[in-house]
Each structure stands twice: as C-alpha cells, then as structure tokens.
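Letters A, B, C and D name the chains as they come in the text, with residue numbers starting at 1 for each one.
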Amino acid sequence: MKVRVKLVSLLRDAVNGEGEVVVEINGEKARLRDVLEKLYSTYPRLKKLVEGLGERGLGVVYMVNGQGAELDAEVRDGDLVAILPPASGGCSFE
Amino acid sequence: MSENKPIIRVGLSREPVSLDDVAARLARETNGFGAGSLVVFMGFVKGVVGGYKVYTLSYEAYEDVALKKMEEIAREEAAKWEKTYAIWLIHRIGSLKPGDPTIYVFVVAEPRHKAFELASRILDRVKHEVPIYKLEAREDGEYWILGDHTRVRRGEGLQEPEKR
Amino acid sequence: MSENKPIIRVGLSREPVSLDDVAARLARETNGFGAGSLVVFMGFVKGVVGGYKVYTLSYEAYEDVALKKMEEIAREEAAKWEKTYAIWLIHRIGSLKPGDPTIYVFVVAEPRHKAFELASRILDRVKHEVPIYKLEAREDGEYWILGDHTRVRRGEGLQEPEKR
Amino acid sequence: MKVRVKLVSLLRDAVNGEGEVVVEINGEKARLRDVLEKLYSTYPRLKKLVEGLGERGLGVVYMVNGQGAELDAEVRDGDLVAILPPASGGCSFE
C-alpha cells in the first residue's frame, strides 16, 4: 500500500523541500504509527525535528484525510496523512 | 422582513482584497435586517520585528483543512450571538512585503460592542486553530514561525534567533 | 527608526471614504514602526429600526466644536497606550440612505487586542461627546434622535414614536 | 449689543428652522442667562422644549464661542452662543 504524507513549514525542509512524500508499506492497511516509523527511517532529521518540537510544547498534530488522527488510527492505500506543527500565531488545531 | 441567516464566507487569497467592495456588499446585504455595525480587522506585515528589518513574510496553508476550519470557526461564533449578520474571513497566502495585508476579518453584528468582541475572538481562533504557516525573511536570516512566539532559524534544527 | 509619533486625523465628510485608501496609507506609514494591526469600524444606516422601514438618516454637526472634540478624543486615547500608531476618525454629514456609511474609526495599535479596545472606546466617546445630530425619516414619520435612545417626533413637542 | 445664537436639531425647528438667530440686548455686555431670556421671550416654544429635554435627563449644554459656558458667563457683542442638546448616540459633551 502507498500513503501520501503532506508536510508543511519546517517539516517540509526536513524532507528536502518536498511538500508531499509517498510512503510504501507491505499489506493493505497499517496503523498511523507504522507509516510514521517508515517515514522517519527515511528522514531521521524529520523525526528529530518532530521530537524537538514536542519537547518545546509545540507538539505536531496528525491528520488522515483531513481529520485529526491518533497514532493507532488505521491508514489505507491512497490515504493522505499530514503532520502539522502548531499554526503560526497559535497553539493547536484539531 | 425575512429571517436573519448570517452571511458566512471564508477564503484563502493570493491577491489583496478590496475592503470597499466587501464593506459595501455587507452593508447592502445586512441593513435590511437592522444591522448597522461593521468591524474589520486587517493584519499587515510588520516592517520591523524584534529590532530586525523584515524583507518578506511568506504564508502557506494546508488548504482544505484551513478552509474547513475557518468556516467552522465562523459558524460556531455566529451561532453564539443571534444578532450576528455576517462573518467573512480571508487569509492571504504567498510571499508578502511589509505593509501588505495578511488577514481580513469582517463582522457585522449588533450592538456594536458585540461586533468588536466577535471580531477579536474570531481573529484569535483563526490564528490559533487554522493550519497556516509563516516564514519570515529578515535581515538576520529566515525564520519559521510556530505557535504564538517561537521562531526557528531555517535549515538549522531548532535554533532560535538572537535577541537584539 | 525614528520615534513613533501617532498619526492623528479627524474629519467630517459629505462623501463616503475609501477604506482601501486609508488602510493602505496607514499600513504603509506605520509598518516601519513595528505595527501590523488595523481595526476599522464602519457604521452604516440601518434599513429597519424598531420594526419601521427607514428612508433616510440625516446628520448635522456643530462643526468647529465637533472637529475639536474628535481630535481631543483621538489625542487622549492615543496618549493612553504607547503602541498606538494611528487614529483616524471620519464622521459623515448630510442625508444618507440605508446601507450608506455613517462613521469610520481607524486604529492601528499593537498588540491586536489593544487595537480593538481602542477602536471600541473611541467610537463610544465619539457617539457620546461629539455634537452631531441625527434626523431619522422612516415610514411612521420623522424623528430627531437625542442621547442614547430618545426619539422625538419632528414638529410635535416631545412626542415619542409608538412602539411596533 | 448683538449676539448670534446657533441652534441645531429639534431646537432649530423651534425657531422656525433658522440655524442662527440674532439676539439684541441693551448695553455692551450681558450674562448668558439674559441672552437666553430674551431669546425665549421671542420663541416660547424653544423654552418649553429646552425645559422638556431637561426633565427627561437630556439637558442642553451652552457654549459661548465654542467653549462650554455656565448661565452666568459673560457674553459680549459679536459673540456666538450655541444651545446643544445631547449628541445622537450620547449623553454629554463639555
């Protein structure tokens, strides 16, 4: 299965400026955490950034197909995942 | 007189918006319901931040979610006060220069102090809840702006700017 | 950067004012001082008041005193908050129709919630302290409006309108 | 001496629509109350209106040459007096 992952702001810089990257995983579905793990293995700098933001109280929000999602959410072939840092001028959006 | 159903509009725009056009339209469409108070907030790019000269401020949005969230905020706030006649939100995206408008909030509500209150609260919510991101290019470098106050130097992990 | 000295302008106008012109000018003249927040209040003639259709609302000012008082209000309010960059007040005079703008208050101040607060307070003061008078022509007759809530039927002593 | 008296809003209606009326008084100066008394003797409807407004908490403000003035203020030849009801949307201005 293939999942698109949308990245914005400084997270996009951490994947070489690509606004959208494709993550491939074996099987027909997966948990969001598996998608992220795969993504982070390709882009360790992205992982470090996301963790660093969390430590500063700037935790990211995950979305699957435009809806807020937890790490154990189910993700299927063709889904669109987004990793969103806090908005500029704000703290959270869900 | 038909029943008041508030005008709700949201948008993301690469171009500036005409305050005159929107104001005239809202006044025309709402005066028949007894409205007479329009509050507008227009944000614009600061030419100086923290003592450093600003060159550009670039906005990007996670567009679908941003629009959905802006509409949700407008609807929720309109529902809180019966005499809300119009809420119109437009956020700019793209690369902007000092003095360029960045965001527009239009609220028609009665009485006038409610229109101020609504516009102020909606603005806070848009700034906090809508996935829109800024990159500030200024004389000491480029910074991603995150959350209320955090600036992160572009391309260097999570380094913050020096205070001037 | 030279020191911030707030822009203060007041006026009485028979013609509508371009929000776009004033907003662009204020953003251009204040962004270099670190300003980025403009709040505008635009009042407009209500098409319906107390259940009665409004035809016209005519404003007259005791002009010299009105202008002096408007400037005094703007200066006093600007002096209360250091990061006030601009206050521009324009009141319309003459005969206006539903939807026509009646008053404009422009405030540039930081942070944004202060700009809202200033605009709201200035508007209240202008409405209460500046000698400007309204005559409302509506389907049940002509009324002088005095103080916050009093309507007096024209030409008949101090008779108030019937409630609908 | 001659004093001009400026009238606005419903007070103007009470002097037959004239925005400004001239009051003549013997002598070189007078108190504001004398000017008003003379004016009210010519326009009794104006007096009744001003009193009626006062009873409703809508007391007028007097000005001499653009400055707020009390009833015993001195008025001279050529001065401009104004009788101002409360602003529309307000209660007082001084």
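What we mean here is this: contacts are C-beta pairs under 8 Å (C-beta built on N, C-alpha and C of every residue); 3 or more make two chains touch, one makes a residue touch a chain.
Just so it is clear, the structure is predicted and the values come from calculations on it, not from any experiment.
Rounded to whole angstrom units, the spacing between the C-alpha centres of subunit B and subunit C is 23. Centroid to centroid, with C-alpha atoms defining each point, subunit A and subunit C lie 49 Å apart.
With centres set at the average Cα position, the gap from subunit C to subunit D is 26 Å. Shared interface positions of subunit C, i.e. residues touching 2 or more other chains, are not present.
Taken pairwise by the contact criterion, the protein chains link up end to end in a single open path, with no chain closing the loop. Every pair of chains in contact is given here: A-B, B-C, C-D. If you check the complex, the residues on subunit C that touch subunit B are 1, 18-20, 23-24, 27-28, 31-49, 98-102, 112-113, 115-116, 119-120, 123. Per the touch definition, subunit B reaches subunit A in the complex via residues 59-60, 62, 64-65, 68-69, 127-135, 144-148, 150, 152, 154-155, 157-158. For subunit A in complex with subunit B, the residues that touch the partner chain are 6, 8-10, 13, 48-49, 52-53, 56-58, 63, 66, 82, 84-93.
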